[in-house]
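One chain, chain A, links the two complexes that follow: it is found with chain B in the first and with chain C in the second.
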Partner chain A sequence: MTAEFATRLIDLLGALLLFTMLVILASGRLFRSIYAVAAQAVFLGIAGAVLGAATGNVDLWIIAGVTIVVKAILLPWLLLRVVRKIQIRREIEPVFPINGTLVVAAGIVVLAFHLTASLGPVRQAITGNALPVGIALILMGVLVMATRRKALVQMVGLFASENGIFFTAMAVSQGMPLIIEIGVILDVVLGALVMGILVLRVRSSVNDADIADLEGLKG
Partner chain B sequence: MTSNLLWLTPLLPLVLGLTMLLVRDRRVLAALDVGGSVAVLGLALAIARRVGETGPVSALGVLRADDVAVVFLLLVGLLAAVVSIATVGWMRDAVARGEMREDRLHYYHALVNGFVATMLVTVLADNLGILWIAMEGTTITSALLVGFHGDKHGLEAAWKYIIVTTIGISFGLFGTVLVYGAAAHAQGGVFEGAMNWSSIVAVATKLDPGIIRIGFIFVVVGYGTKAGLAPVHMWLPDAHSQAPTPVSALLSGALIKCALFGIIRFHTIASGACGPAFSQNLLLVFGLISVVVATPFILVQHDLKRLLGYHSVEHVGIIALGLGFGGVVGTYGALLHVINHGVTKALVFLVAGDAIGRYGTRDMRDMKGFLAIAPLAGTLLLMGAFSLAGTPPFSIFVSELLVIKAGLASGRFASVAVFLVMVVIIFAGLVHHVGQMVFGTAPASADRARESRTQLLGMAALAAVMVLLGLWIPLPLDRLLTHATEIILG
Partner chain C sequence: MDATAQIGRTLAQAALLLVLGPLVTGFIQKLKARLQCRRGASVLQPYRDLAKLLRKDTVQSNSASPFFRAIPVLVLAATLTTTAMLPVLWVPAPAAAPLGDAILLLALLALARFLLAIGALDAGGAFGGMGASREMTVGLLVEPALMMAVFSVAVAGGTTNLGELAARRLTLPALAWQAPDLLALFAVLILAIAETGRIPVDNPDTHLELTMLHEGMLLEHSGRGLACIALATHVKQLVILSLVAALFFPPGLARGLGAGELALACGAFAAKVLLLATFLGVVESSYAKLRLFRVPQFLGIGLVCAFLALALRVL
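Let's look at the complex of A and B:
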């Protein structure tokens, strides 16, 4: 695979990642958000494989495989399991109108591309548009977390944000060292498990409350 | 030989923590806890000695101890040891009051040891990826501890803590990726130890300033969230006030300093790549915002532990200010403040835990006459509070003075003026709060039992360090801080 073709593929995957992010931002349904973040992880895995083929780095293939298993299968499964356990089907209640959120998201994308356009030759160290896409995904993930009051949606925003980091990390020179990537993914899984435990414990102890909606601590 | 010490230091609490899961007896758990953490302190001292004699020690390019790491290592080791001693007495009382369930104590001790192990890896990490992984590890272990009581407030605090700091710290990972990318680019490809702080610093002047600037902003926001720098501190007063008291002492005393350690590592890289002004200005802004934001909350606070949480925001801000003013004096002052605040805050949290147990409330308006019902703990509380407020002859006065001196030397008079005004207001607020708590007549319902010996021992050890460092900085410590300052300034 030529480097030029790989760059075009990475840009295409970057666009798909941004699109799925918009689906999460615009969606009023929890299930749709979870499937969107899983799709995002699949695109991320493909990006890893493309970069692995382009650079000849075997580690990237392994990272791509682990990404798909963990972020596209394991974590969404965990989320869906928690959803079933606490039986929420209701739609997501945004604390900020969704149209307004989308306007902010558009601003973030423009800002991210503008910011990275000013960089010098160091841009070559990162394949294609992976840097601005990564920055945009991280900030849009924070936007999801800031504008929704549901614990599970906040987790979806977190995972989407982390997908942005992984995307850029893969595209930096030849990716991060394998052992570091594995350690980071392990942290992500353990963190998600602890969050899941907290959500379930609040459900069972505080009658039917959503943990992200508790407001006992102020001042 | 010494590189083995580096591995052993975090491994010991990790293995101990796993072993504790199999133990059910409270006394055995307490003995293991104290023995293990005192051994960690011993290992930390041994590493400190070796680094002082022969310079930085590295272990396989993963862990590395230099003078900066040793400053933080000693703080974590000291607090782990002292807090575990104080925990013995606290735990007995907490079980008696029904705050802790005897059948879940092994989980508690195992988590605390895992938490300490991750903090030790954080400060010993050379590889910036390992630094990040360990930092996120501290969040995962300590989030379960914050919510350990399992009540509504505790779980709410734990959720806020884990969700805010995890997203925050992921900014730190992104910053790390960018710095790593810049280093790989400057070297013309990936090289051995490309992610190690020591090898990135060696090429710092060749790094592209544009990308390092973006990377450093992400790092400061990310690790700053974990350190409790305003305006990304919202989780801190909740988490530090809801956690069981010994955990609060570790969170406020040690953990937020570990996050600052991460910032300091990147500060050195950024100073090399873009000149010191950029990262200093950024830290200055965050530090000033933290001090200003904390002040009104300290004034109106009635919850004792939340008050201490907001104080941590203020003091993290002071450390950032010291780094922001820069120069030898400012950096030295910031490092000294790391130790001084860590020791003092752990002391005050331990006393606060004792007081809350006695009155059965954490509202300071209902806690009167503490000095009369617990003369020793009351005296220590007064001393700790005056130290926190920056009064001589206690240690925090010295480091705050150094920070102010550095600010004047760097010509940032406006920042120093704002800082001084806030410190004076906080002094008044703290004296008011603690005064109404310590003096007066205690309610009849308050527990007047004698302080438990282990708790007093822990508090007294911290108070001794606090007073000592206020009067005199021992030569080895002075040498350590001077070397660390040189390393930070590059």
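Let's look at the complex of A and C:
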């Protein structure tokens, strides 16, 4: 695989990542955002594999495989399980209107591209536009966490943000050492497990998973 | 190429889209029926509906002005004129007199939308006014987004003339697929659902007042007028699909007018339209109609995608 072709493929995968992120931001349904974050992880894994094929870095292949298995299958499965268990089928209640969130998201992407344009040498790498896309994904994940009330959607936002960090790391370093990536992924799995259990416990004791209710705890 | 030949070609293309428009609708309806495990009406059903409507007399409300009678014809004319700007089967020769570009195409579609809404308000029915206000709300989101998506491709191609744009996309390697193309394609696919009045934005099959947008504006029309508007709707759907095909999937367009080339172009056109129509039919079968207040959220994805497609192209 030539470097030019890989750059083009990663560029297209970046567009797919941005699109899935917009779907997560705009979706009114919990299930849809979970499926979207799973799709995002699949695209991320493919991007890792493409970069691995282009640079000959074997670690990237392993990381791509682990990403798809953990982030596209295991974590969404866990989330769906929690959703089924606490039986929230209600629509997501945003703190901030969804259309406003979309406008902010568009601003984030433009800013990310505009600001990273000054980082000339980094963008010249094989990964092309991956750096601004990754930064935009991180910030949009934070945006999801900031504008939603349900704990589970905030978990989706965290995973999306993590996907962005992974993509950024890939863009800058063309593949971090295997041990770091595995550590990061284990961290996310552990965080997801803790949050999932916490949500279940909170739900069983206060009958709701709404973060805004925590405000009432202030003395 | 002289002017007469060009006019002849343009008219032939308009006639082609006029004749094929109802067939696409029939195909989507048949596909939906099969997906719902029904046998469904024949794909020729829209033609029969049109023939039936053409035989009937027009009845119009007492409060309608004389202008009301002209509206169906004007809507059909505006929609049919858009076909002159589209490369459907062949890429127009560069020497040809320019008939108009993507901006004019979108403006004519907007004109047709405006005329329909004015007609619905003119008749004075409550449902017509409601349908018109809803349609204009959706139009407010769809039109700028569609323009941005088209411009995103036009910026890369350096022209807003759709024929030339398709020709340049066929030849220039620099215009091979990039990230903005993908985003613009997603945007256009989302907007196409709204523009063709399909679920999850609008439901083309019902006259239920809670769900309808486009159908609400047609309630006051009858007979031949309704036939004109229905035909215009079929043609508009095909025009939108051809626009998507011309912008994003130009391969297959004929360069000359040889028989072999044209046959190939016809096959390619049929394949592209069938693919896009299948997309519409499958989406319509797998989603429920969105609540009206959720529609801006759905179209918001398209709007932001289109904006990003343009922004990434410029940045």
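Note that the second predicted complex is superposed on the first by the 205 of 219 C-alpha atoms of A that agree within 3 Å, B and C clash if a C-alpha of one lies under 4 Å from a C-alpha of the other, contacts with A are read in each partner's own complex, and residues count from 1 in each chain.
FYI, a residue touches a chain if its C-beta (ideal position, glycine included) is under 8 Å from a C-beta of that chain, and two chains touch if they have at least 3 such contacts.
These numbers come from a predicted model, not from an experiment.
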Room on chain A for both chain B and chain C (clash or fit): fit
Chain C, chain A and chain B - angle at the middle CA centre, rounded to the nearest 10 degrees: 150
Partner chain in contact with A:T147 - chain B first, chain C second, else both or neither: neither
Partner chain in contact with A:S118 - chain B first, chain C second, else both or neither: first
Partner chain(s) touched by A:F19 [first = chain B, second = chain C, both, neither]: second
Which superposed partner A:S33 touches (first chain B, second chain C, both, neither): neither
Which superposed partner A:N163 touches (first chain B, second chain C, both, neither): neither
When both partners are placed on the shared chain, which of chain B and chain C touches more of chain A: B
Touching partner for A:G134 - first (chain B), second (chain C), both, neither: first
Touched partner set for A:V184, first chain B, second chain C, both or neither: first
Shortest span in Å between Cα atoms of chain B and of chain C, once chain A is used as the common reference: 18
Complex contact set, residues of chain A against chain B: 115-116, 118-122, 124-126, 131, 134-135, 138, 141-142, 145, 151, 154-155, 157-158, 161-162, 164-165, 168-169, 172-174, 176-177, 180, 183-184, 186-187, 190-191, 194-195, 197-199, 201-202, 205-206, 211-212, 214-217, 219
Chain C to chain A touching residues, read off their complex: 176-180, 182-183, 186, 294, 296-298, 300-301, 303-305, 307-308, 311-312, 315
Sites on chain A touched by chain C in the complex: 8, 11-12, 14-16, 18-19, 22-23, 26, 28, 98-99, 102-103, 105-106, 109-110, 113-114, 117, 129
Residues on chain B engaged by chain A in the complex (per definition of touch): 127, 129-130, 132-133, 136-137, 139-140, 143-144, 147, 150-153, 155-160, 162-163, 166-167, 170-171, 173-174, 177-178, 180-182, 184-185, 189-190, 194-195, 208, 210-211, 214, 237-238, 241-242, 297, 300-301, 303, 306
